[in-house]
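Look at the two complexes coming up: chain A is in both, with chain B in one and chain C in the other.
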Partner chain A sequence: MNIFERLQHIDRRIMYALLVVAIAAPLIWRINLPVVVTPAVRGVYDTFDKMPADKIALIVVYWGAGTVAETGPETAAMMRQLFMQNKKFALLPFDPQGSKFATDSAKALAKEYGKKYGIDWVHWGYQPISNLVPLLQSFPGNIKGTFRTDAYGTPMDKIPMMRNVNTLRDIGVVADITSSGELDTWIAYVQATYRDAKGRYRVPMVYGPTAIIAPEGFNALDAGQIQGMLMGMKGAAEYEKLLSAEGFATRAAGALSTSHLLIVVLIILGNIGYVMSRRRGEG
Partner chain B sequence: MFTRYLIKPGAPQWLWVLGVIGDFLLFGGILFAFLQAIPARFRRPFIVTLTFLAGLIYSVEFFWPADPKTQMNFLTPLRLKLGEATKVVYAFALGLGTYNLIRFHGSNLIRKRPGWHNNLAFFISFAAMMGVGFWAYYAPSSKAAANAYNMLFEGIVGALGATMFSTIGFYIVSAAYRAFRIRSGEATLMLLAAFIVMLGQVPVGAYLTSGIPSGGVLRNLRLENLSYWILSQPNMAAQRGIWFGIEIGALAMALRQWLSLERGSFFEREL
Partner chain C sequence: MFDWLSDSHVTTTVTMWIGALGTLAIYSILYKENPAYRLAEHIFIGAAAGYGIFITWSETLKPAWWDQITKGNWYWVFALIAGAMFYFIYSKRYVWISRIIFGTLMGLIAGGAFKAFVGVNVDRISASFKPIAGKGLNAVEIANNLLFIVVLLAVMAYFFFSFEHKTPLRRAPAQLGRWCLMFAFGAMFGFTVMARMSLLIGRIYFLLHDWLHIAR
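Presenting the complex of A and B:
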């Protein structure tokens, strides 16, 4: 096997070993690379920024341990902005793991900013994802009737920040943070259809998907159905930059860079081998 | 349904649970008995009519003009109630899923089929997680319960989930290396787009083209801007095209189900 054939058939174990090094090294030795804020991420920041203080944000958590590296920092950054700006939010998890991770993150941030459960944030309790459509049909018109208690069994009426939160109209922003593709369901059943005695209410939405499903979000972004989007860990790093609070996403962006570079280099090597072999009539 | 009239608000939780199960058994039983009582040739038309009427509520509610004052029509309250009722029906699927898992794994375990130790692992995991879950729920002040729960949930379930997902990264590297070959003009174009997006989506892309001015026309040549353009323009157009196709297919599928025109092993079974 000549050099060009070798380049086309690099042992996958070598690639795996290189990937381990490419990911681990920047996490151990930090690399400072420029983080440029995209319009989609600025849209997320601006939407929360413009949210009236008398409304609450609804943070939908549909992710688990598998994607915590991407969606965890996204969730944390959104909660951080809300705490920084003295705005209130509710967590609505559709994944039991995500529920735990997001709650732990909220508790840590609440401690950092001196915020209290029930006054500044609330957990509406884990809901099975199989309930998504019926839940989205019932809760916008009757939040307390649908959820009744928070995650800890306290009736909604007894939670101070929930006293004046009754319908979707009391929610200023819905943030869908997800590793799955149920944004369309939220748009179809909540944003596009909700109406009450005061008329139509199109709740502003922002989106926090994993990078792999982010391309689908550009449809809704372009149509104005979502006002902003974080594209995985890179989006979270950009958001952290906007908040001037560098966290895990900013640190991990270096590892993301080196791993992407590795893939590019491997593809180039494979193609050099392929082209050269063809030129020599070996392909 | 009857539960809310028979049981007063503030009654113990177990009474409500019993009431809901009773409701379900009663109405489910009545429906089942009715279907058994009517001649077999009427069963399918009955179910077809019921399916059509159920779908009709949502369709008519959507298209019927709303009252300008309330922004609701005469079917809107019913749609909201149906949403809540469907939630209860969905909850029963959890019980059905659990029953199926126990039946499947139990059967393999009793017959000691090959791989029976995996079935045993299911029962051990199921019992451990359920037991510790109830313990942590009913003894919220117990540190031992909280530790046991955290160990199982974060230490095992969470770690396993993260490990499973992380291994995908290795396959992606290997697959990308083997798949991206410039075999044709189209493949070369795709490779170029992939390079731009892969590099533009990470900070190193911004670093590589940081020499290009960030203002004026030239800024469009910076990798992060090129990548964003590919995602927000050509990608978005392609995604829309794909979604049009998917949604038209879904609409056709929904119509076939609503009108009971669907054909296949389940739909053609004798009732």
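Presenting the complex of A and C:
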């Protein structure tokens, strides 16, 4: 077997070992490569930034332990911006694991920024995803009648920040952070259903998908159905840069770049081997 | 006997070690098939199934259904009857009962899907009519919109099957559309690779930072 044939048949275990090294080295020696903020991520920041202080943001959590490396930093970065700008938010989880992760993250950030539950943030309680459509038809017109209590059984009326939050008009931004593809359901039942007199969407929406489903979000972004989008861990790293707050995504950005670089090099090597073998008539 | 588990430091350490050993055992399949991987896989499947059953009861059925009945809202019993109707699909004699509930459900879903299709796509179609001339547009925006329109028309030409793509006038746009689709699939695959790498980085960071304390 000559060198070109070998390039096409590199043992996959060698490739896995190289990948582990490519990821571990930047994490151990803290190799940070530049992070460039894209317009889609800036859109997320600007949307929260423009949210009136008398409204609340709704952070939808539909992700679990399987994608915490991507969606966890996205959720944390959004909550961080809201706490930094003294804005309030409600968590609406559709995954019990995501509910726990997001709550832990909110508690840690609230401690960091001196924020209090019920005054600066609230947890509307886990909802089964099978209930999504009836919920989207119900809560925009009557939030307190739909949810009744928060995650800990406190009636919504007794939660200070919920006193003046009754309908969709009191929500300033909807943020859908998800590892699944239910963005279109939100657009159809919330965005397209509730419009102002000029036909514009009543509530701006931003999207925090995992990278694998991010391409689906570009249609909505281009059509103005969402105002911004984070694209997995990369998007979270860009967002952390905008916030000047280094989190897990920033620490992992170097490893993400080196792993991609390795894959590109391996693809090039494999193709060199393939082309050269064909030229020599060995393919 | 298990008092030591109430110590949060001990619990954290035990949890960390279980997580680390589980991660290593699952990834050991990358080297070759082995008993450690099989053990971890079976534990994971069993734990996931048990967790699923528990969560379905504790987070959905109990608060949304059982607690309602025990509070005196007896009409929630009808939910059980409606749910039980699905199981008549296994009876040749009473299969018609299951058809009632399946038909109702399919009607509801079809209605919802129609609303979702219109709600999502009408705005997207109208957004695809982009201006290529007019006041307030700079050169970059015009070029961007023009590129969008060319790609849109080329891809639609590729999916136009009523004429055979024989003449250059029909073949060229379709070929361009094919190239555009290849670029799109490449970008999608790139996102897929990024997603997989992100998850791997998450686990390696857990091993190096939380478990071994060697990552900063």
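By our rule, the second predicted complex is superposed on the first by the 276 of 283 C-alpha atoms of A that agree within 3 Å, B and C clash if a C-alpha of one lies under 4 Å from a C-alpha of the other, contacts with A are read in each partner's own complex, and residues count from 1 in each chain.
Note that in this section a contact is a pair of C-beta atoms (placed from the backbone, for glycine too) under 8 Å apart; a residue touches a chain by one contact, two chains touch by 3 or more.
All of these numbers come straight from a predicted model, not from anything done at the bench.
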| item | value |
| --- | --- |
| Superposed partners chain B and chain C on chain A - clash or fit | clash |
| Chain A: partner with more touched residues, chain B or chain C | B |
| Which of chain B and chain C A:176 touches, first, second, both or neither | neither |
| Partner chain in contact with A:150 - chain B first, chain C second, else both or neither | neither |
| Contacts of A:19 with chain B and chain C, given as first, second, both or neither | both |
| Contacts of A:185 with chain B and chain C, given as first, second, both or neither | second |
| Which superposed partner A:195 touches (first chain B, second chain C, both, neither) | first |
| Partner chain in contact with A:225 - chain B first, chain C second, else both or neither | second |
| First, second, both or neither for A:126, with chain B first and chain C second | second |
| First (chain B), second (chain C), both or neither touched by A:260 | both |
| Touched partner set for A:30, first chain B, second chain C, both or neither | second |
| Candidates 23-31, 77-85, 131-139 or 203-211 of chain B: the single one with C-alpha clashes against chain C | 23-31 |
| Chain B/chain C common contact set on chain A | 12, 16, 19, 23, 66-69, 128, 133, 211, 214-215, 219, 222, 231-232, 234, 256, 259-260, 263 |
| List of chain C residues in touch with chain A within their complex | 30-31, 55, 59-60, 64, 112, 115-120, 122-124, 127-128, 184, 187-188, 191-205, 208-209, 214-216 |
| Of all residues in chain B, those that touch chain A in their complex | 66, 69-72, 79-80, 82-87, 90-91, 93-94, 153-154, 157-162, 164-166, 169-170, 172-174, 176-178, 180-182, 191, 195, 198-199, 201-207, 210, 224, 228, 231-232, 235-236, 239-240, 243 |
| Residues on chain A engaged by chain B in the complex (per definition of touch) | 10, 12, 15-16, 19, 23, 33-36, 38-40, 64-69, 97, 100-101, 128, 130-131, 133-138, 141-142, 145-146, 195-200, 211, 214-216, 218-219, 221-222, 231-232, 234, 237, 253-254, 256-264, 266-267, 270-271, 274-275 |
| Complex contacts: residues of chain A adjacent to chain C | 12-13, 16, 19-20, 23-24, 27-28, 30, 66-70, 96, 126, 128, 133, 184-185, 187-189, 191-193, 210-212, 214-215, 219-220, 222-225, 231-234, 248, 251-252, 255-256, 259-260, 263 |
